[in-house]
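Down below are the structures I want you to see.
Same chain, two partners: chain A is paired with chain B first, then with chain C.
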Partner chain A sequence: MLHINIQKTLHGNLGNMELDVAFHIKEHQFVAISGPSGSGKTTLLRILAGLEEANGEIEVGGETWLCNKTFLPPQKRGLGFVFQDYALFANMSVAENLLFAANDKKLASHLLELTQLKELAHRLPNSLSGGQKQRVSLCRAFMRRPKLLLMDEPLSALDPLMRTKLQHDILTLHKEFGTTTIMVSHDPSEIYRLANRVIELSHGKIIHDASPKELLLKTQGSQKFSLTGELLEILKSDVIYIAIVAIGQQIVEVVIDEEEALRFRVGERVQVSTKAFSPSLSKI
Partner chain B sequence: MNEIRAKITDIQSSDNLSVLSFDANTQTMRLMALGLNLPLSLGSEVLLGVKSSNISLASSIQGELSISNQLPCNIESLEMGTLLCSVRLRFGECLLRSVITKASALKMGLHEQQNIIALIKASDLSIIKIFPTSETKCD
Partner chain C sequence: MSELDFGPFLLSFKLAAITTFILFLIALPVSWWLSQTKCRCKPFVEAVVSLPIVLPPSVLGFYILYALSYNSPIGAFFDETFGVKLVFNFTGLVIASCFYSFPFMVQPLQSGFESLNKNMLEASYIAGKSKLQTLAFVALPNIKPALITALIITFAHTVGEFGVVLMVGGSIEGETKVASVAIYEFVEIMDYTHAHIYSAIMLTLSFLVLLGVYIFNLRYNKRIGVA
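After this line comes the complex of A and B, so read on.
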């Protein structure tokens, strides 16, 4: 459905970088683009949207968007774009924002219903929460029934609870419209929940292209429960040793042997792993 | 992490779950694992890992036990703490460590040179390394 093969020289803080990316996407696929800051994710999305020029080709649904003779302007590409910062018209109500994109009252009403925004249809964006605003911009992106939906870290400004709600809305809309989607995201749980393929960029090149599970499930041999952390301290307690490890925002304790206590140094990056059989889950 | 070198003798899989059998110092060992996508085949040599706190000890066993791995060992040394006891075990070429309560160690009357059985559940055993086929030395 989508074929892209583009090159562009980017001028970043760390000097020049060559963005050189080629891949195909099938219709209805939901692809996440991940990778560290400055790896070229957003530029790739902007090139797809026609907001930046590049060398190479882009072909979507048999239509050429970019080649050495053609540069289809953004408004002719039939795509939807959801930004991190909503980009709504402040002087228009929720419904007007949607109808401005395409004058289709039936579709607007259907979208607002799907995302439970119907009661807010006449409100102005400034009176909405961040999550509500992002739901409106999501609906607006679907108003033109785009062939391709591009989302640039759409949920990163939201709190975890609202993020989960929005992920649900995105899934509902994707199921309803089957829109081929490319989303830039850093969040593993978001990628796992929404995408069926992840393309990871580093320094402008694709370094991984796999299913979310293949890419995100960190394993250590046959140990399926594996997390990366920083060793903060090793304490001796009776005849055993306890390693204190910081994993994300949490601190965990791991019982280790004397040999391990001697082998590890405080401050080191370590992998905490166990078999999938050992951890237990409980509700918070 | 205790390390035991072993050779794969059987692989059984059902859906995402696998049970592997090994030969380690002529003893049969068994491991259960989820979604095993490692390059394993019969005859592959691997390093099995088990935490010291997941090794139980028995001086004599009567009746049947569901614990898959029952390894005959010899006690090389004992370190008694205030509440816990760390036992160094010789299993063929491997040295293992079991951490049990001091009360259990005293109740069992554990002492150096004693023959003892190390018990490890199949779910507590993991594969930590796969040796290339040419590599035969134990490390």
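After this line comes the complex of A and C, so read on.
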């Protein structure tokens, strides 16, 4: 459905970098693009949207968007784009934001219903919370019934609870409209829940292209579970050493021996894994 | 004390209204282009646009006079083709005012456009809207304070001009004798009473206009939650 092969020289604060990316996406796929900041994820999305120019080809659903001589402007690509900062039209109400994209009142009210925004239809964007704004932005992106939906870290500014709610909305809309979706995201749980393919970029090149399970589940061999974190401190306690590790928002203690205590350095990225015991889950 | 003649004031306001209208039409595309362009010639264009701010009005007036007088190619062309004279009449004043007040219209609009969230404009392009539609329905409505400032400051600045008007228009009763020129003449003939009255009116009007702008901007910013 989508075929892309583009090159572009980026002038970042780490010097010049060559963005050189090629991949195919099948119809209705949900692809997550991840990678460290400055790896070219957002630029790739902007090139797809026609907001930036590049060398190479882009073909979507049999239509050429970018080729040597062709450059289809963003107005004609008929895609949906969800910005990280919502980018709502501040002078228009929620309903007007949707109708500006396409004058289809039925679809607008359906989308607002689906995302539980009906009551807010006549409010101006700046009176809404971040989560509400992003839902409006999501609805607006679907107003033109896009074949291709692009999202640039859509949930990164929201709290975890709101994220979960919006992930649900995104999935619902993606399925209902049969869209092909590409989303830039840093959040492994988000990628795991939404995407069926992850493309990881580093310095403008694709370094991994796999299913979320293959890429994100970090256990190897007989490991039962495995988490990555940052080593914060190593404490000596009698004859043993205790390593304090930050994993996500959690701080955990791991007992290590002297030889390990000498080998590790505070600030290093480490992997905490276990083989012998099976970890248990309980509700909190 | 003779009867107060409001002619010069009316002339000043007529001149300012026409100038503001013309400049809005000219400055809108210029300021939009300046705010969006990545062209290397941008500083050059900006410098030209801002020239009237730093140039002594006499210099500007002299060049306009030189370029548009009946002896110049431009002046001769207009005189012969359309029968329109471009200096020492109201038309000349409008042309001179447009040059003189141009930066006061362009600069607030440009900084207004530049302060807009770029993603908002891009969202409009992605929604299928052309640059012109985006300008009219997204950009302009979202820079209301800048727009009001540009219109009113241009108007007020044109009312307040003196040097250029005097050089290009002279002081023809009912044609080019605007309020500021009238005050100058009252002072010259030592008619301080009229000079006082005219000056006080100018002072009051100018103050009220500026007060109005600032109150509007304060209210607007409060309403959209900036301040």
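What we mean here is this: the second predicted complex is superposed on the first by the 249 of 284 C-alpha atoms of A that agree within 3 Å, B and C clash if a C-alpha of one lies under 4 Å from a C-alpha of the other, contacts with A are read in each partner's own complex, and residues count from 1 in each chain.
Operating definition for what follows: a contact is a pair of C-beta atoms (placed from the backbone, for glycine too) under 8 Å apart; a residue touches a chain by one contact, two chains touch by 3 or more.
From a predicted model like this one, the values you see are computed outputs, not experimental measurements.
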First, second, both or neither for A:Leu79, with chain B first and chain C second: second
First (chain B), second (chain C), both or neither touched by A:Arg144: second
Contacts of A:Ala210 with chain B and chain C, given as first, second, both or neither: neither
Which of chain B and chain C A:Phe89 touches, first, second, both or neither: second
Chain B versus chain C as contact partner of A:Ala22, first or second or both or neither: neither
Contact breadth on chain A, by residue count: chain C or chain B: C
First (chain B), second (chain C), both or neither touched by A:Asp257: first
Which superposed partner A:Val266 touches (first chain B, second chain C, both, neither): neither
Chain B versus chain C as contact partner of A:Leu232, first or second or both or neither: neither
Partner chain A, residues of chain B touching it in the complex: 1-2, 31-36, 38, 49, 51-53, 79-86, 97, 99, 123-124, 126-130
Chain B-facing residues of chain A, complex: 220-224, 238-240, 255, 257-258, 260, 275-278
Residues of chain C touching chain A in the complex: 117, 119-120, 122-130, 137-138, 141-142, 224-225
Residues of chain A that touch chain C when the two form their complex: 49-51, 73-81, 83, 85, 87-91, 100-102, 124, 126-127, 137, 140, 143-144
